[in-house]
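The chains carry the letters A, B, C, D and E, assigned in the order they are written, with residues numbered from 1 in each.
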Amino acid sequence: MDKILARLEERFPGRATTRQRPDLAFVTIEAAWLREAALHLRDREGFTHLVLLTAVDWLEAGQFQLTYLLHNRARACDIGLRVMLARDAATMESIHDLWPTGATYQRELREMFGIDFPGSPRVDAEFILEGWIGPPPYRRDFDTLAFAESNFRHREGRETRDPAAHMKHKLYPEKG
Amino acid sequence: MKDDSRKFPLRPELEPREVKTPDGQTITVDPLRDYFCEAAPRVHAPVYVKIVEDFFNWARSESLWILGFGTGCGAIEMRPLMTPRFDAYRFGIQWRPTPRQANLLMISGYLSVKTLKRAIRSYEQMQSPKYVVGLGSCTINGGMYFDSYNTIKRLDDYLPVDLYIAGCMPRPEALLKGFEDLKKIIRAGKAEGANAYAENFAQYKERQKAVIHDWDMPDYNW
Amino acid sequence: MVYLALATGFALILLGLYGAITRRNLLRLIVGFTVADTGTHLVMVSVGYLPGRTAPILGAAVPPEVAALRIIDPVPQALVLTAIVIGLGVTALMLAYAWRIYATRGTLDISRLRQLKW
Amino acid sequence: MDFQWIKVAYALLTLFIVLNYGLLMTAVIQKMGARAGRRYGIRVYQNYIDLLKNYVLRSKITHGYMYYLGPVFRLTGGIGLLLFVPTIYGSEMWANFSFSGDLILALYFVFFGTLGMALGAGESGHPLSALGVSRGLSQVTSAELPFAIAVFAVALQYQTLSVTEIVAAQQGGVMSWTLFTNPFAVAAAMLGFLGSMMRAPFDVVLAPQEIPIGPPTEFHSAYLALLQTNRNIFPVAKIVIYMNLFFGGAASWPVFGIKVFLLYLVSAFVGVAFPRFRVEQSVRFFLIWGVPLAIVGLYWV
Amino acid sequence: MVSAISIIAIGLGAAFLLGLMREGREALAHALTVLALGAMSAVAVGWLWLLGPGGAAVQEITTAGTMPPFAINLRVGLTEAVALVMITLAGLASALHMRAVLLRMGRRAMAVLLIAVMALAGIVMTRDLFNLFVFFELAAISTGGMVLLSDDEDALGAGFKYMIVAQIVSILLLIGIIFAYHATGSLNIDDMGGLAAMGGGAALAVFLVVAALVLETKPFPANGWALDIYQAAHPGFSAILSAGTGTAALIAVDKFAGAGGAALAPVLTGLGLLTFVAANLLGLAQTNDRRLLGYSSVAQTGLILAVIGQREALGESYLLIAGGLLVGHAIAKAGLFWLSGLVKGRDLTDWATLRRSPLLVFAMATFLAMLLGLPPFPGFYAKWALVHGLVASGGGALVALVLIGALIEAGYLLRWFGFTMKREASEAVASTPAELALVLAVALAGWGAGWIWGEVGPYENLLRAPALLLALAFLLLDWLPARVKNVAAIAALIGGFAASFASYDPLQMIFAAIIMPGGAVILLASFYEHGRRVGFYPSAMLMFAGMAMLIVAQSSFGFFAAWEVLTVGSYFLILRGKYSEPHALSYVLFSLGGAFAIMAGFALASGGMANFTMAALAQVPLTLAPWVFILLALGFMTKTAAIGLHIWLPGAHAEAETDVSPMVSGILLKAGLFGLMVLMLQMGSPSLYGVKLTYVLLWIGALTALIGNLIAAFQEDAKRLLAYSSIGQMGYAIFGIALMNHLGWLMALMFVINHYIYKSMLFLSVGGVAKRTGTRLMYKMGGLIALMPLSFIAVLIGIIAMSGVPPLSGFGGRWIFYNAIMESDARAPMIVIFLSGPIAFLYLFRLIHSIFLGQLKDENRRLREAPFWIVLPQMLYTAFLLVFAVVPGLALRRVDGYLSTIFPEHGLNWDGLTIRSDYGYWSPVSVMAVTVGIFASVLLLLVLLNHRAQKVKQFNIVYSAERPFRPETTHFAWNFFAPYRKALGFLLAPLATTFWDGVTGSLHGAADFLRRFYTGDGQHYAYHVLGFVLVLILIVGGGL
């Protein structure tokens, strides 16, 4: 694992590396290098399996973090490649030609985060949502409650209780 | 927040298309009209003689055939009903794999918009008299999904619900009790949801279409 | 004498045929056949020859009454004459062919005339 | 033979008895299956309620004429089969319409309902109906084979094709039943019996899990009720044939009730004990086990 | 009458005159040539007239005022006259045909042509050996000259090769002549009888002369030169070469055969047959039309050579046979060569241009039929007589060779005809009226020859058979619109039936009923066709005529002739289908193969007797009977498409036209059944090595039923499905008659009627649907029930009847079937037939489901019901089936009564409404009444409950809460019985197809390999000739 990371470091230097577990590490690299790094890992290091491709919305930093989690079956270890994208220009190179499953992940990210992957098959087709009329719902600046209130009719008289406060009130009414 | 101006074009397979017939003519096929029956649902009056209708209602209540359609987490909760411990069969309840033969639609938990479309279709494909039971608080008022952008908040807006069983989720015992109550409602002749649906068809459709933005089926799925 | 002629005739035939089937040149081939023809004629004549008799010319030397005993059989000779004439015709035709072939194809090699086969 | 109108009354009575018997018997057998699974099981009269409910359903749809007629064919097939076979041995009246034809008529009349049902299911346009029909026909044709050979063996054995005469030949004690005089033929026929009863391991046609219930997918209300009615008559009618051919027939209604019940129980027992065959597996099963048995039975005669 | 020698005189004189003419007067020269040839022909025809009908004595022509052997003499007998007529007429016709060419080439060419004809006439007439040589040389020189004058460069090579061989032949001949003369002191052939026995040089003489003469007949393998000539020369000249030179050479061999003595016969026969088989085999690999004709000529000549060899054995029919073959060959080959002159391209497929002209197609069909020896041409009589003659003299192996060779020949000739009829045609063939008239005249001459042979021979004249004449009359009517002809055809069928109605016994009656009135009902569907439908009616009526003649045939010859007629008619009929070319070919080849088996069987049975009645089959000696039975049964089973011989049927039936499929399936198949019935009626069940042959038939029937049904279940193509189903159904029928008991036959006969009805009905419905939908693939249809209700009803009734479900008439068949097998003790095949029974249900359901049920497709939404005229017969059939279902006694009872005369035991008892057998009973009326009663009650109940049902459309189905995407993806029809295929697919291994593919493949491979022997090098051909002579010496050395 160390050697793999070292070799990765050697080819794509100067990026932050996190060792989560002995068999799991995350490497943050430039978006432009992702393809080469992925190819390197896939073809040279045996990380043949794309476990997942997911995104995190760092609203405060104005960035999306893409994580390409790759798995090496022979060594039973994983490396996550992280790429930071600007939120306002969320476009990333497609990797559907490296892993066909990538296309599905990218469709999901496109729908849920609004991250574009030009060239990925059917990337603009609807994925989970049918007839969606709001902004990408997984973006943290999307107010799901407001959307729900405007889109759905609610039943009157619904109460929401904080479970902790409710239980406290129920069990220890004397404490007020 | 929501962009009401966004319109969804008809799905390609439903758009009218030009087809060349074997003898060389070109004809237009409009799938929505040619492949789907366009008739609106009818109100079916009860049998005129009350005692006969009561007898029929008794039979209906003692022969509840549930459509095997699980929507949310309740789908799991319903399985124990078949097991020796609860054994719903002894109450005349059984599960049917096709809506044509079922007369009870259990909405077992939260219902996303996408699933709602399927639930409506299944409901409409059942033959009346037919009953809807909402399971769990999600069907009542959204429950813990009150702020979800994609789950409906109250089922009776969209389908004529005869009975709600509250809980998150209700246990099988609660379900059995619910069935008993439903039977009472049916026997009392009050479970006329199908007729209500037909009577207020326009209103139901309006509400359904308000949340299902890409309506891609005929108004009534026979 | 007769047998010698006969043998020579057959030898000529074989020789001619050998030439005809081994030479590629059309002209040589025709010559081969001519030789074989000649051999044939020789054979014919020698078959019809009876030793000690005279040529079948009726006249003073051979009166018709005794002709049957004195002359050799005239028929083979007549045949040979005819055969020679016909052979000439055939040879001429073959030569004509050779000439036409040379004119159109520019070759006299028989192995080059294989356009038609199978 | 002169036709007597009273026969019609007897036929209707037979039908009534058999229908009720079938409704109750299937419920009892289902209950026994439930008890085997430690369940309480359905109520004994549940079948009546279901049937009634389906008959009085308010709304119904139709996919076309053949769809409409399919259940009619099916039920006609069931009733016809019942009435073309003498139900009670020794009784002219309970022989119903068996004067119309012999064993062969019964064998081929089975297909009347099958064909009509398949056509009706086909017209519904549902692919799974067609799939179910495909599976059903494939399986039934191979299940019929050992049965047909066994039947032929029996016919050869008794030198007659008349059901009545076959039963007559088996009178005189249990040991003169075909079951004991030609056990191989009976074994083969019983395999065919299992195959045609639509129970596990040969129930892939209805396959409640993978394809929603096969041919009757689109049938509902009175259509379904007719099919249900048939479900209660047809197996009994079929068992009557088996009973007559192999198990000495029935000389009275009580004997009839017991024999039919026991025979039905065989398929129920096998059904709860075995998992399901795929179609090609059951086809092979019948060819590998059923047919050789039947052939032995045929040469046994 | 002028002396026949004037033929030679006129030829020579005219040739001289031509030589004297000035250049530039070609038209005049041609006129002179034609005149001269005309005069020669006139003399020849005159002599033929005198010698034939006139009954004049053989004319001996002496020359030089002395008697032979001192002078040359010539002779004109009947044989010579026939040959002379052919040669001179061929010359005349070629001169006319080649007018443009001759004008261009000038008077020399015309002179050479005249010399050639003259020389050939001389060869025929002369009785002097040396004179023969001279004429041969003249013929060779003129041939060489003609070729030399050709424009074709390739012709030069061919001509030179020819000259080389001619030289060798002349050397052989000369030496032979001189030794012959030496031995006999005479040159007269008449003096040379028994020459071979004289010893010394005589043996050599005979050998050399025979070798030379035989070489002139172009024997295999020393014939490469001849093929080149055929290919390269102008077709007009090739015609002379084929019709004239071949004839002359054969006459020469025939003349000298007497000299060779008995020992020569086997050599000639062997050579001839070798040539016949080998040349035909090589013909298989040809694509050049003229070369193909060349191979065919060589083959035919070889066959005649073999006949000459068998002269003694054939006895008095020798002339009939040899003459028939010769005349047929000469006319056909000349005609074909002239036709080839009209066709631009040289590939066989280029002949498709002929198709634009029906007259030319007629001519070509005539010529091919003559070559193949189909009725009513001379070759047919000749082949029949030849096979009988050979069998009579114990030449069974020779018969086999002859028939195999003939079958191969049929293979390539009919393939060629298929190309002509079916391949892409560029433009119409450009022919002048004169050329057309010439070809037609030759074709008519062929028919005339057929008439003559019919009259002269010891058999019935087929051209006098009213049925055949009626069918041929439709050739003359072919210019009428199709509908008019259709009325005429229906009238002819009905009229024919009415006329002969009274004379049939019940067995014939059943077949006659489905052939004539049945055919008329199918023809109703033909009203749908517009235009002229050129060729349809003659073919159809030919088939019907053949069938009609078949069922009343008394003698084996009549039976066989009818069989051939119906084969030919149905072949033309099947060939009309759009893509039916290969299938029609395989049909006709199997049929001809079967016909040859039948011919051999009859010959074997009759021991070579000419007039052998069918009833006499019963008297065939026990040692022969099984073999006769096998041959005949094999022949009949090619028609019923029994397993192994079935591979022609699916394509032929499926690709045929809509109204042809029911004819060939519903009616034609019954011919084989009829044959088998007659066979068993007469012969019973012979045993071979202790095995009853009917028991073997039982197995064949059972396996056929199983495989036919099984394959049918897996077809996607509706018509192919029906076709395979026919195979299966015929298997049932064979099984039924092979049971050899009363009920088995009753079943088979019921089957004849039932199968006719429901198969015709189904083929018509499916054909109508296919017409509307433009496809035969079932999965592309679907949901047509609402659009085509009548067709649906027809198919529904049809499949209920066919599957034997009560209450329709099919059940009657099943019931009888079970009763029939109760009597039989053959249990093993029964198991197989049990297996196949339910499978029929599979394919029938698939048929109706995939077409009429399920999902309607986009493009089919506006389809209309099938055309009225196609539906009308279906409705008639439906009505008939329903009536037949209630009162099967209508036909059954008569047949039952009739069968009691054959199988007196185990019949049916007609007990009021109930039918009783020994084992069971059946009351169709009560079954119908009870079923209808129950059905009506249940339906009433349902209507009462569900009368307000909402009619929904095709996508209103439960679809796991989704909706269907497109009808194409929702219609479950393709590979409908996938699990069944998984379980039983191993039974479908195409063993028969592989086997027959292997046979044809290896034949083609052998042909392609063998023909490389003809390298094209003249010297190699010279080796071949010399080698041939050497081998001949080695062979004869033992014999002489």
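Simple rule for what comes next: contacts are C-beta pairs under 8 Å (C-beta built on N, C-alpha and C of every residue); 3 or more make two chains touch, one makes a residue touch a chain.
Nothing here was measured: the structure is a model prediction, and the numbers come from that model.
Common partners of chain A and chain E, by the touch rule above, are B.
Taking the mean Cα position of each chain as its centre, A sits at the greatest distance from chain E. Comparing mean CA positions across the assembly, the chain most remote from chain D is C.
Counting C-beta pairs in contact, the chain pair with the highest total is D-E.
Here the CA centre of chain C is 99 Å from the CA centre of chain D.
With centres set at the average Cα position, the gap from chain A to chain B is 36 Å. Centres computed as Cα averages put chain B at a distance of 112 Å from chain C. Rounded to whole angstrom, the centroid-to-centroid distance between chain B and chain E, based on C-alpha atoms, equals 70 Å.
Each of residues 950-952, 954-956, 958 in chain E touches at least two other chains. Residue numbers of chain B whose C-beta contacts span two or more other chains: 37, 42, 98, 100, 222.
Here the chains touching each other pair up as A-B, B-D, B-E, C-E, D-E.
If you check the complex, the residues on chain E that touch chain D are 783, 785-786, 796, 799-800, 803-806, 811, 814-815, 818-819, 821-822, 827, 830-831, 834-835, 837-839, 841-842, 845, 848-849, 853-855, 914, 917, 919-923, 926-927, 930-931, 934-935, 938-939, 941-942, 945-946, 948-952, 954-960, 970-973, 976-980, 982-984.
Residues 37, 41-42, 44, 47, 56, 59-60, 62-63, 65, 83-84, 87, 89-90, 92, 94, 96-98, 100-101, 103, 127-129, 194, 222 of chain B are the ones touching chain D in the complex. In the complex of the two chains, the chain E residues touching chain B come out as 772-775, 858-863, 950-956, 958, 961-967. The touching residues of chain D, counted against chain E in their complex, run 1, 3, 55, 59-66, 68-69, 71-73, 75-76, 79-80, 83-84, 97, 99-105, 108-109, 111-112, 115, 118-119, 122-128, 130-131, 133-135, 137-138, 140-142, 144-145, 148-149, 152, 155-156, 159-162, 212, 217-218, 221-223, 225-226, 278-281, 283-284, 287, 291, 294-295, 298-299. Within the complex formed with chain B, the chain A residues making contact are 128-135, 137, 142-148, 150-155, 158, 160.
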